[in-house]
């Protein structure tokens, strides 16, 4: 069996009706998260679990906690964990920040969906994040982008950067290659404490 | 009744299953085409006729020839002409370059669809375009973009420029505004002869 | 002399060190502004005056008030008005909203620069805008985009839409055509009152 | 010392006047290249060596051959190899395809610069690429994008996909966050033979 490489093609995941983080975005989030082999990771708003699964495949000696509030998402995450033979992924059915209670200190926090509670989520999540840890927030709305930037700017312990990613797939259609845009996603990535070098 | 302004909203056109040039792209194409009130215009690959209709509304004392090979397109162009009270739009059912035969000298040539015959179309269309006239080509594939640039570069009489337009609609969804990408379109716009200043 | 068409090439304007609204963005702003021949227009944060000049060329029987706080901008606006033979453009040296005082009712308000006072500017500008008038705000920062959307959403009299424009110029370099991105600009365009149809 | 993670920040590299593959693009190219710890890699048109260095840091038990025709590039690649303590990177001063002669079979071929010889380069490089190997081509011009797609489509042994990446950096300027576009880059990534799963 060939080894795992980041950036599993989208169509390999079970997806249902839930929006999925596309491959290129996943790659960028994973790269910004700098996941080590023993890292503990929380994925908030895990959706289909595509990001949780890839995080789990990178932290083979660590653990991923995937938080998701929709039952359909919970089922997909579990199914995708089986699909990729991932044993270090715990699914938590609930909403952040409440669902964060009881979790151990972690190395990485991924925030893919905040249900409008981004401020509260970061407030609760921050004490869980170890010094040197990384927080990576994805935003697909103006409000989330704006709020994420405002919050992280107010936290002097965090060094952050942000960029938007507009992917254009070039799809072969007969003898032509069409430009097909994916929706842009903004990625706000932070490291906690001066020790960590992004 | 209020006057016409360029950039009729997409939803005002009858569309069917035919891909339509989106408002922002139409605006840019119309701007590059610099349509005067008495201009004669050919729209090749007219599709739903959205561009033809706007061209006709600008050239109120001129004439638009909309060439389209699909029957569904022909019907939509006619319906949209009625919808916007346009009387100076002639629909030509056929494929360019053949469908160009018999047309008079023109001020503007719009090429929205070329069916793979861009070289031939430009070759036949060039003698129809008056000195000072404008040719505006839209490209949604790598091949059309490449071919259009190659052809216009080889025509010393034409001064051309090209740019791609990636529009992101910002749509309100509940209390948020989502980024939603439209597919990018490249616009190659040329003027014929040194007299014309783009 | 050939007539005016919207979208004057960037290099025709005197520019100095002041950032200029690029041609493609100007075209889109002008299209959303739907300027009629007798319209009265306020351009807030007029910069080099490129937008003011084009607005004045469209409202030949109307008037443009260009508000700008930097002396360099004031000089450039005046120079560009001369350059394009524009007589219906009044330059106001000052900052909005204060500089708005004493202005008559207007058909169009363009907000290109707000110096951090977007809320106040819109508050003061709103009573000046006639029913059926258009307000077009351009945003190049997350904060302006977010604030503009928040404000216009809170004004039930206004019907608004927003989109981002990412232009990629395709520049010939030797035998190749390079993709060169311009910075994205968001355009929030509103009409006041149900009578006006965007 | 903290471990290596893909996506070294741009400013950590010595750059000179040579254009450098930006971090986000590097990340995507590296992800598509799926570099294993013992892989042999050729980087054609290595420029500053940023990609070569990251490839070498991933193939710690393998080898990277960086081909570059400009002396300034050669010096920068060597300096960057020292900077990141990379010992498995061989610099080859010359132009592909000629500079490819004598190289062993490889797992990965990266084509960042082709000097107009993309067809010849791929023709010579193909026999060097092992079955299951990956070829990743970056294109910043219409011509390279078009040629790369045309060539790889004609090679039935290769399974390829292509996408464009438009990165918008969100830079803090005083109290605002400005959108700043990087030039778009297209990435054409292929695997050779059916065994390999991208």
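By written order: A, B, C and D. Residues from 1 in each chain.
Here is the rule we go by: contacts are C-beta pairs under 8 Å (C-beta built on N, C-alpha and C of every residue); 3 or more make two chains touch, one makes a residue touch a chain.
Protein names from UniProt, one per chain: A, B, C, D = Cobalamin biosynthesis precorrin-6y methyltransferase cbit subunit.
Since the structure is predicted, the reported quantities are computational estimates derived from the model, not experimental observations.
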- prompt: Higher C-beta contact count, A-B or B-C?
  reply: B-C
- prompt: If you list every residue number at the chain A and chain D contact, are more than half found on both copies (same) or fewer than half (different)?
  reply: same
- line: By Cα centroid distance, the chain farthest from chain B is A
Centre-to-centre distance between chain D and chain B (centres being mean Cα positions), rounded to whole Å: 39
Message: Quick check: how many Å separate the C-alpha centres of chain B and chain C?
response: 26
Task: Could you please state the distance in Å, as a whole number, between where the Cα atoms of chain A are centred and where those of chain B are centred?
output: 42
Message: For chain B, give me the residues that contact two or more of the other chains.
response: 142-143, 145, 149, 166, 168, 170, 177, 179, 184
- prompt: Hey, which residues of chain C end up touching chain D in the complex?
  reply: 116, 140-144, 166, 168, 170, 173, 175-185
Query: Along chain D, where are the residues that touch chain A in the complex?
result: 2-3, 5-7, 9, 24, 27-28, 31-32, 34, 36, 145, 149, 153, 161-170, 172, 177, 179, 184, 186, 188, 196-198
Chain B residues within the chain D interface of the complex: 142-143, 145-146, 149, 166
